[in-house]
Amino acid sequence: MAKAKCIGILTSGGDAPGMNAAIRAVTRAAIYNGFDVKAIYRGYKGLLTDEIVPFRTQNVSNIIQQGGTILKTARCKEFETPEGRQLAYDNLVKEGIDSLVVIGGDGTLTGARIFATEHNFPIVGLPGTIDNDLFGTDTTIGYDTALNTIMEAVDKIRDTATSHERLFFIEVMGRDAGFLALNGAIASGAEAAIIPEIATEVDQLEELIKNGFRKSKNSSIVLVAESPSTGGAMHLAERVKNEYPQYDVRVTILGHLQRGGSPTANDRILASRMGAAAIDALLEDQRNVMIGVRNDQIEYVPFNKAIKNDKPINRELLNTLRILSI
Amino acid sequence: MAKAKCIGILTSGGDAPGMNAAIRAVTRAAIYNGFDVKAIYRGYKGLLTDEIVPFRTQNVSNIIQQGGTILKTARCKEFETPEGRQLAYDNLVKEGIDSLVVIGGDGTLTGARIFATEHNFPIVGLPGTIDNDLFGTDTTIGYDTALNTIMEAVDKIRDTATSHERLFFIEVMGRDAGFLALNGAIASGAEAAIIPEIATEVDQLEELIKNGFRKSKNSSIVLVAESPSTGGAMHLAERVKNEYPQYDVRVTILGHLQRGGSPTANDRILASRMGAAAIDALLEDQRNVMIGVRNDQIEYVPFNKAIKNDKPINRELLNTLRILSI
Amino acid sequence: MAKAKCIGILTSGGDAPGMNAAIRAVTRAAIYNGFDVKAIYRGYKGLLTDEIVPFRTQNVSNIIQQGGTILKTARCKEFETPEGRQLAYDNLVKEGIDSLVVIGGDGTLTGARIFATEHNFPIVGLPGTIDNDLFGTDTTIGYDTALNTIMEAVDKIRDTATSHERLFFIEVMGRDAGFLALNGAIASGAEAAIIPEIATEVDQLEELIKNGFRKSKNSSIVLVAESPSTGGAMHLAERVKNEYPQYDVRVTILGHLQRGGSPTANDRILASRMGAAAIDALLEDQRNVMIGVRNDQIEYVPFNKAIKNDKPINRELLNTLRILSI
Amino acid sequence: MAKAKCIGILTSGGDAPGMNAAIRAVTRAAIYNGFDVKAIYRGYKGLLTDEIVPFRTQNVSNIIQQGGTILKTARCKEFETPEGRQLAYDNLVKEGIDSLVVIGGDGTLTGARIFATEHNFPIVGLPGTIDNDLFGTDTTIGYDTALNTIMEAVDKIRDTATSHERLFFIEVMGRDAGFLALNGAIASGAEAAIIPEIATEVDQLEELIKNGFRKSKNSSIVLVAESPSTGGAMHLAERVKNEYPQYDVRVTILGHLQRGGSPTANDRILASRMGAAAIDALLEDQRNVMIGVRNDQIEYVPFNKAIKNDKPINRELLNTLRILSI
């Protein structure tokens, strides 16, 4: 491949804090290295509808601290069809874009992999999702911010949790991964976390009631990953109400506020490094790779590995949580 | 009444940020003026169970910034009976407490009024509730913090609100009063607030759909006071889903996190002033009054007026919200 | 005056959090009432250099939560001369602007008053300054945010203030007014405030040493208004080091960070109400007035009164601070 | 060594956010494993003055979110002498403490190493310092919080940095290490960092002026590590004023507020894991080691290595910062 002349950039899927820091870094590192940059709005949808504008270094001034994504994001059914992807390809050619940087989660990278193969188009991906469920990188862009947002919310709830024998179930995001629930529980001093990774191993609620809740503490807080495997906070609360009617059970579902907020230092630094690394990767003729950071080093992770491999939780943390909630 | 020698202090009902600042102020102003201070734990319940300990100035060091209440709070059914109140009185006499400062909302002050009359006991109340629904004071302790907590949560939700035609209902506290919903909506740039004060005047949801939501904006955010009068966010969402199935409707219920958090400057200053004023009031032989601050001046508000009078919302704000959400 | 057809808006002087909320409110209320809106960049400077662009409602989307001012601000010497003001007037005429809303402090309103008189031009001012030193309004836009910023900084410093006999002087803004220092001290539980208002009455440092610092507390924190009248924190620290060499004295100057940050709920609501009221005022043919909010009601304050009258601090607070720091 | 029966715990040196989370974790993990726990106040000083109290699990309730250290901290000259250490040893014996967990930085671990060797006493150390300058662990307890505190302060300063050609020097902590300055600069989108690690290699100010500041940007922000090697922000500002009088130079020294604040999720999780690991280490008869976390795994780092080896900065970040500030 000859050196790319114009890089397209887009964000897709659920948004995550730090996406703007990544957009800034990709844009500036590209310009620094002599590329042109074009911004594609609303993810893959904007590729099909040709919502594409040139970006200069000023376009990304003063966005590093902003939550959300200035490029917007959207789901796009048409991009899942060959016809849709052909239209996208035609627009890229028309706009003179000869390589892409896409920022998003699982679905975004899956779409990128299919498109890249089908049209032999160079794409580099950045892992942007609060769920931290992509293999090949220690953390994903947005995860640290969401973790702190959850912790701050639980801090506030604990302030008011003073009555006896009250059991709070707080539902956090994480359809397939318990990172937010488990780490959020440790960080906020919660009593337990109910996570999808061990849903098939033990009845976590039963364990919790058996081991953890028969204590003299004023109240207990349990973080629950929003996942079919855990059943969710509402379902668990119903079970407790039926089986242990003596408990005063409360439910809070944190919901969309977990996706927002000004990114933490870690997320901004991660996004900045990954954005710069994406341009390095394109300069080195890398393609179909996601940028990861492992052990503080940049790595190129083939899309297949990033998407298909499960990222395991650190089991030491389960133990730590149990010990510290005595 | 001869000068009181020992002041008891308690917090009761739902907790509110700034209660600790009030406890600190009452304790220190009392000691400064030569009183002894005794702290009563768990509200009126602690009066009955004699959970009472002497407090010195160090007991309230480094608490001004903490959410919740170091004295805990509880509901207490027994205090609603003459027998319960007699037991409370006996304990006060036993402990040598000859006047009380109570911090709480509607229910707390109602209990104080009955007890004070029944036993001819000097009580001064401080308005501590996030709902801001007590007459005779511009704001109550905890309201400003809750308002900012709501605003920050909505800021985060808006960061992620990028898809088209999405309608968010965010439920905030305020059973009888729309202060949090209305002011929270203005502060967060939300499109509308649905509040109990005008629930009987108009069908607020109908108004909203008719006037406000047929715009080209990406998404709309509506704050809903958690109240039988409004029906709550879930109920409104169901109505929209049935009547306007084209809309993508989301619900977030902020719940208990609204009660927590480190108090804002306004709440700390208000609590500090009111705490000091409570001691002034006792020195002046005031009793059965709530401390209010109106137009930046301390006022003594008889319990009856504080509890029974409705505090009106400022209707100018309804208009401002409508104009600014165009 | 016939109804204005096009309103110009600018921010000038030191920036303050909430200015963007005011810009949003002025713009939307103007459009709601049928006006055109033009935004003038960099304060009066932009009037002279014709940095003026039309604004629509979308131009002010998603800015209510941002610190600083999207219109920028600058000092402008030329506007202090008749020639400069004539040029400004010519540009206004050229742009078709027939009334102005200016947001800023003392200097901004003084410039507005002179210009308005000289050219018989309708101007309404909004009080935007963190110092809260404008007469005729209970608080100014930006003050509440700065107060909370100061409080949060002092909270952090107190976390670490554990060694014995340490005396922290923390310098905050307030050249002519002690609002930030005095209220900041109460809110953060500091031991004292040194403010310009009573600089001529007592030697505040002498008082502090005499009454306040000979206690058994681990450390003392004193907030100092940055003002020639107080001498500033550095100067006071030097005096203590010379006269009381046994004390371990530390100085922190909060500086520019006091001007920034996402505005608090109070500042956003105040700015929103004032912005809408500015348009009401123009509709009522008001001119040469600043919008104030007193006792929760909008007021029109003639420029002369707003600028020339001193706004007194509430002396009750001095007493409260002294009592609570025992 | 037979299994330890009673563990002493102390914090020493400069305090750091997360120390309380570590105290909580050490206490609870110790009790969980059958140890008694005694808390030693004011670091090594409390060992000499016998400020030692038994701790139970309730003593560490509700502290995970608090900045500072509930055990206080102090410098202690006497502990640097054999006589002082003998007195400390005698008190440990008297109190029945047979192993120690110490939390602190460089100086704390150096003291621990000498004492452990001299008296053959089992000690495990936890790295608690915002500077992140201990070898053998990816980050130290407190570093992530300080980094976010700095970033938030710079965010606020940038809000107000709107005038042309203004150069802000913001001084942050880091006597021997540029982690806070370099990472803080990337996270806040600052233009440059001046750090001790490369002070002997290049004249960083000269580089900055030459490469970075001749741009059309409104203002530039430079983070400076407070270190003899860099000269500090004041010194650099003086140099610029002398050599480039056309620049408008401002200085902010963040100072003590960097040490405070509620710890971030990362710091709380790190402290929790390290605290639990300290007890594991004692159970395994480890001694004279610091607990580190590298690549998400617990490691035991001999005191000598932790203290004596320099921890290098990641040079990739210098490059990233330069590229992103174009």
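Going by the order they are written in, the chains are A, B, C and D; count residues from 1 in each one.
Here, contacts are C-beta pairs under 8 Å (C-beta built on N, C-alpha and C of every residue); 3 or more make two chains touch, one makes a residue touch a chain.
All values derive from a computational prediction rather than experimental measurement.
Student: Touching subunit A and subunit D alike: which chains?
Tutor: none
Student: Count how many hops through touching chains it takes, at the least, to reach subunit D starting from subunit B.
Tutor: 2
Student: Looking at CA centres, what chain is most distant from subunit A?
Tutor: C
Student: When the centre of a chain is set as the mean of its C-alpha atoms, what distance in Å lies between subunit B and subunit C?
Tutor: About 29 Å, centre to centre.
Student: Subunit A to subunit B: how many Å between their CA centres?
Tutor: Chain centroid spacing, subunit A to subunit B, equals 36 Å.
Student: CA centre of subunit A versus CA centre of subunit C: separation in Å?
Tutor: For subunit A versus subunit C, the centre distance works out to 40 Å.
Student: Can you list the subunit D residues in contact with two or more other chains?
Tutor: Counting only residues that touch two or more other chains, subunit D contributes 155, 158.
Student: Okay, in this complex, where on subunit D does subunit A touch?
Tutor: Within the complex, subunit D touches subunit A at residues 24-25, 28-29, 31-32, 57, 62, 64-65, 138, 144, 147-148, 150-151, 155, 158, 183-184, 186-189, 262, 264-266, 268-269, 272-273, 275-276, 294-296, 298, 314, 316-317, 319-320, 323-324, 326.
Student: Per the contact definition, I'd like the list of subunit D residues that touch subunit C in the complex.
Tutor: Where subunit D meets subunit C, its residues are 14-15, 17, 66-69, 72-75, 149, 153, 155-163, 168, 218, 250-253, 255-261.
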